[in-house]
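To keep things simple, chains are lettered A, B, C and D as they appear, and every chain counts its residues starting from 1.
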Amino acid sequence: METKETTANIQKPEKLVITSSPHVHNTESVTKIMWIVNLTLLPAAIFSVINFGLPALITMLLCIAGSAACEAAIQYWRKVKVTVSDGSAVLTGLLLAMCLPAGIAWYVPVIASVAAIGIAKHTMGGLGHNVFNPAHIGRAFVMASYPVAMTTWAVSRIGNSADFAGAMGKVADFDVVTGATPLGILKQQGYQALVDSFGGQSAMYKALFIGNTGGSLGETSAILLILGGLVLVIKKYIKWQVPVVMIGTVALFTWIFGGKVDGKLVYFTGDPVLHILSGGLIIGAFFMATDMVTTPLTTQGQVLFAFGCGLITVLIRLYGGYPEGVCYSILLMNALTPLIDRYIFPKKFGSLPEPVTRS
Amino acid sequence: MLRRIKGGVHPHDEKKSTDDKKIAVLPLPKKLFVPVHQHIGQPSVPVVKAGDEVKKGQLIAESADGRGTPVHSPTSGKVTEIGNYPHPLYGKSPCVVIESDGLDQWQEGLLTDRSWEVLSAAEMIDIIFKNGIVGMGGAAFPTHIKLSPPKDKKIDTLIVNAAECEPYLTSDYRTMIEYADDVIKGTQIVMKILGVQKGFIGIENNKPKAISLMKEKCKGKKIEVVELETKYPQGAEKMMIKAILDKEVPSGKLPMDVGCAVQNVGSLKAVADAVEKNIPLIERVVTVTGRTVKNPVNVMAKVGTPFTELFDFCGGFRGANGKIIMGGPMMGMAQVSLDAVVVKATSGIVSIADNEVDLKEELACIRCGRCIDVCTMRLLPNVLSILSEKGQHQTAQTDYNLMDCVECGCCYYVCPSRRNIVHYIRQSKAKNAMLRNAIKTGSK
Amino acid sequence: MTEYFLLFMSAAIVNNFVLTRYLGLCIFFGVSKNYHASTSMGLAIISIITLSSMITWVIEHFILLPLGLYFLKTIVFVVVIAVFVQLLEMVIKKFMPTLYNVWGIYLLLVATNCVILGVPLINSEANFTFIKSTVNALGSGTGFAIALILFASLREKLQFSDVPKSLDGLPIAFILAGMLALAFQGFSGMIPL
Amino acid sequence: MNLWKEFTKGLVAENPIFRLALSLCPALAVTSNVYNALGMGVTVLFVITCNNIVVSAFRNVIHPKVRVPVYIMSIATIVTVAMLTLEAYLPVLFRELGIYLPLVVVFAIILARAEVFAAKNSVIPSMIDGLGMGVGFTIGMVTIGAIREIIGNGSFFGYQILGSWYHPPLIIILAPGGFIVIGFIIGVMNLNEKRKKDKSEKAEMAAGGTI
């Protein structure tokens, strides 16, 4: 064997980075997740603008701008890094807007965003630290503050005009025609009146599915929200169990307890399809109950969480003072999250089978 | 049937650049820096002094307490000094510096030709001990200890760890392809030593060639080749056992507690060499790879070879380097300088380009739960990291099973907030160890 | 039966003691720092509230009303409850020392507390029957325990948060309670009573 | 003994609501407007002062083992007197305060002052202490009441002071708003204190630097 005369003569690197292992990472980041969730919400948001016109766009912009500005202001004041660009404040704003009626007075979205970001998120320390879903705190805050404004719903333009193109033409129209939401009619006038208002059950389902009904921005188009949610499931940003269990629970219990004949409860006569497609259930199940920060850590915990959300939603819808309960159900389950995490956690490796030998 | 573990991650394996490259032989370096600390435990004590002439394979350091392993000279030449030089794992550590005489002359009495079948288990364990064999998968646990379990532990299965789940590394793979017979022989030797009737070789399915070769060679030998789904960290001892036998090693216990012994492919080759030819462990297969290495290679490198020699052999670098890692990128150790040397546990040297180094700012945990999904030990890594951040190291240990963490790094790999959870966990472990020592010394 | 169930649910959840009627806040904020303490406290409250409202009902209807001493209600209730809790403490200390170790301090804390006095007063104002009083007390106690345990677990989670310095401690506890109350608004109007 | 100091400590430094976190129930329950808050504040002021006087006067007679029941008896009697008075002269306020009026008996602050201060001091300082604490309590109540009424209803003492342009968020006068408002008030107080502390520390550092 030959001996090399000199030791190696390669160019040594000038500086080497020293960190502890591991040294590789996948491409995910909080910023990426947040913006992708924003993107998946976009189709439904655009649809709501078509459906309700310019006022919807204004509400949405107010919420997003309000949330982002509030976050920036608080972080600037606290002298910490301003993290508006990570998209979480924008997402909160967008989700908040989806929970508000179109064309609501300007101060409602502003106050709601301040409550969402200023009270729910940053009093706890910002992203990752909040206990309650900020968007829902914002909504509940203004719901209690301005009950009248919050239940004055804009009427769908598509539903009223003969065709889609006609609705597109009316986007720039500022006037908001107010009406009731399907769940509101159900609560006040009963099931039959609701079906009559659509002119038949299948017409009602179709309207609810496509979204040309009244309601808040994100309560209307089931199909676009489901599509957005499916993208999240495929990208593994959310677990499919959560929306499935939550929607399934609502369907099951409304089917069992939701039916009334002549004002008296008759079991197994409810209309689960109506309850699934109306109100904020779809957006709640896909986008809110799956919020990472405020839900349990483990999959089993999340399933329990989703079940609880479904149950409380049904309770409020059928027996409560409000026509819609998704928002409160998620807030209440947020409060239960630490308890769920306390009792449901993975059993550590090696603890399942009894040790073979004992020393 | 494909067997696998739950959890874990699947990083891009990056093995393409070296998996078809034959094991090259490195030109003999002029100077070798042989560290005397090459296994877990107390460093060995040098038995040579500056000025001594040594032959290839000659004993140069001896275990101080019998639990460590001896170190042998990788080539013939002259000991110039015994001093502190960079060690890839322990910073600066005592090394025997040998100036090669270029002859590479074996010491007498080595290179025997005996059959393992005639030797008894005790004899073979002694041979393995004397030839300084350690676990070559990265942990460097002395092999002879692993092969002498306490009497009350009945071992019935041997598992050969050929998963090589770390990205980039191909040294085990090449060893299997090129030294298949030695590996099988080593397996049989260890099976005889442990008196087990059943052997498994676990290979991940991204190495189809190795699987078919091993299957062919194992015919009629009580050794079963198991195909595993490619997944990190399947090469960890406990995971290997879980994947192949579906047994879980209880927390704080060893594989022998479930009747298993796990050996790395490289170690088995070394065992075969030691038992049949009386060759000590003085060289090993090292994968030198990475995006900035000009010609990535698998190379048979002598223990004590500086990394600079290896990179020189590869034709140097292209582009700026970010990190140089000994071992795989998931569990390997980032190197301070290229002056560190190959040790018995060096399975590979990986360079990470400047633009690959991820130094994004760490954010708060957003509780997404990905780390929990991938944690093969079924812990709550995010909670551990937060507890460490808040200084609650004791709570982490008592309530959240801190000590069960194997530091595989899957949690960091998937963390969207880029929290170096493993680092937090190491800090907690270190803090707790300090506290325990303080209590111990305080009570004395 | 339904009536009692609704009364119970109303007292426990819909008109939750802490979150809608603002009673027992000192204990609510004082004990909720520790989860285990809050569970013990919750149990102590449930049992004492029920027993003391039974006793006060008897006293009110068999002593105060017949004797026309209704205006002395507050004094009598306070004293009776204080004495009762004191006795209970002695009995438990004597016969159930292990229980006493867990509960003892909470019993005395509870003795003079607005929850314990509040429920008998509410019962008396609403003119409930004996069973209704008991159910109402049981519901109120359960509601208090639920809120307390929920709140304690939330506060323990907050320890891992990065709460601004000036809000740390009591302020964030108040804000958190506010949000919890906001969530409980969802139940409002569920049981019209 | 500095009586003025005894009086002022209850106002800010040991404010029963914001600092000692005692008597929180009335601080939330009856502060949805200033009038009720003031009424409750004055009632408590009266009770706490009277009780301090009584306890302090009899402090050498009461056996320590039975002291708590005796204090409660004394408080309950005074509260009953106050209730009967209010019922006679201010029936509207009496009704508004409702259940919280008899509950004054168990306000921790009253018992605490009896135990901590009146039982160990003579009559005059005890009275001053009671007055100070009572005034501090009243100030706290009125502060919360004013903030909640102005923000949540746009009015002050029932007079509409903000124009019709203002759309009050109703929630501030509801339960959740009450909690949140108090939280922020204490937060602001903490912030002020921290600023002061920082300033004095800076001053100290500067002084230390010159030496």
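Just so it is clear, contacts are C-beta pairs under 8 Å (C-beta built on N, C-alpha and C of every residue); 3 or more make two chains touch, one makes a residue touch a chain.
As the structure is a computational prediction, the values presented were derived from the model and not from experiment.
Chemist: Specify the chain pair with the maximum number of C-beta contact pairs.
Modeler: Max contact pairs: A-B.
Chemist: Whose Cα centre is nearest the centre of all Cα atoms in view?
Modeler: Measuring from the global C-alpha mean, the nearest chain centre belongs to A.
Chemist: When the centre of a chain is set as the mean of its C-alpha atoms, what distance in Å lies between chain B and chain C?
Modeler: From the centre of chain B to the centre of chain C is 61 Å.
Chemist: Once you find the CA centre of chain A and the CA centre of chain D, what distance in Å lies between them?
Modeler: Between these chains, centre-to-centre, one finds 42 Å.
Chemist: Roughly how far is chain B from chain D, going centre to centre by Cα mean, in whole Å?
Modeler: Those two chain centres are 69 Å apart.
Chemist: Mind checking the centre-to-centre distance between chain A and chain C? Centres are C-alpha means, answer in whole Å.
Modeler: The computed centroid separation for chain A versus chain C comes out at 35 Å.
Chemist: Which chain D residues reach two or more other chains?
Modeler: If we look for residues of chain D contacting two or more partner chains, we find 171, 174, 176-177, 180, 183.
Chemist: Which chain A residues reach two or more other chains?
Modeler: 119, 123, 125-126, 129, 141, 144, in rising order.
Chemist: Which positions in chain B touch two or more other chains at once?
Modeler: Residues 364, 383 of chain B each touch two or more of the other chains.
Chemist: Going by the touch definition at the top, which pairs of chains touch each other?
Modeler: Contacting pairs: A-B, A-C, A-D, B-C, C-D.
Chemist: In their shared complex, at which residues does chain B touch chain A?
Modeler: Contacts found on chain B: 9, 11, 27-31, 100, 102, 104, 152-153, 167, 238, 242, 247-251, 253, 257-259, 306, 308-309, 311-312, 316-317, 320-325, 327, 329-338, 352, 356-361, 363-370, 372-373, 375-380, 382-383, 401, 404, 407, 409, 412-418, 420, 422-423, 426.
Chemist: For chain A, which residues are in contact with chain B within the complex?
Modeler: It comes out as residues 1-13, 16-26, 28-30, 32-33, 81, 125-129, 292-295, 297-299, 302, 345-353, 355-357, 359.
Chemist: Which stretch or stretches of chain D touch chain A in the complex?
Modeler: 167-172, 174, 176-177, 180, 183
Chemist: List the residues on chain C that touch chain B in their complex, please.
Modeler: 159-160, 162
Chemist: Contact residues on chain D for chain C in the complex?
Modeler: Residue positions touching the partner: 21-25, 28-29, 68-69, 72-73, 76-77, 79-80, 83-84, 99, 102-103, 105-108, 111, 171, 174-180, 182-184, 186-188, 190-191, 194.
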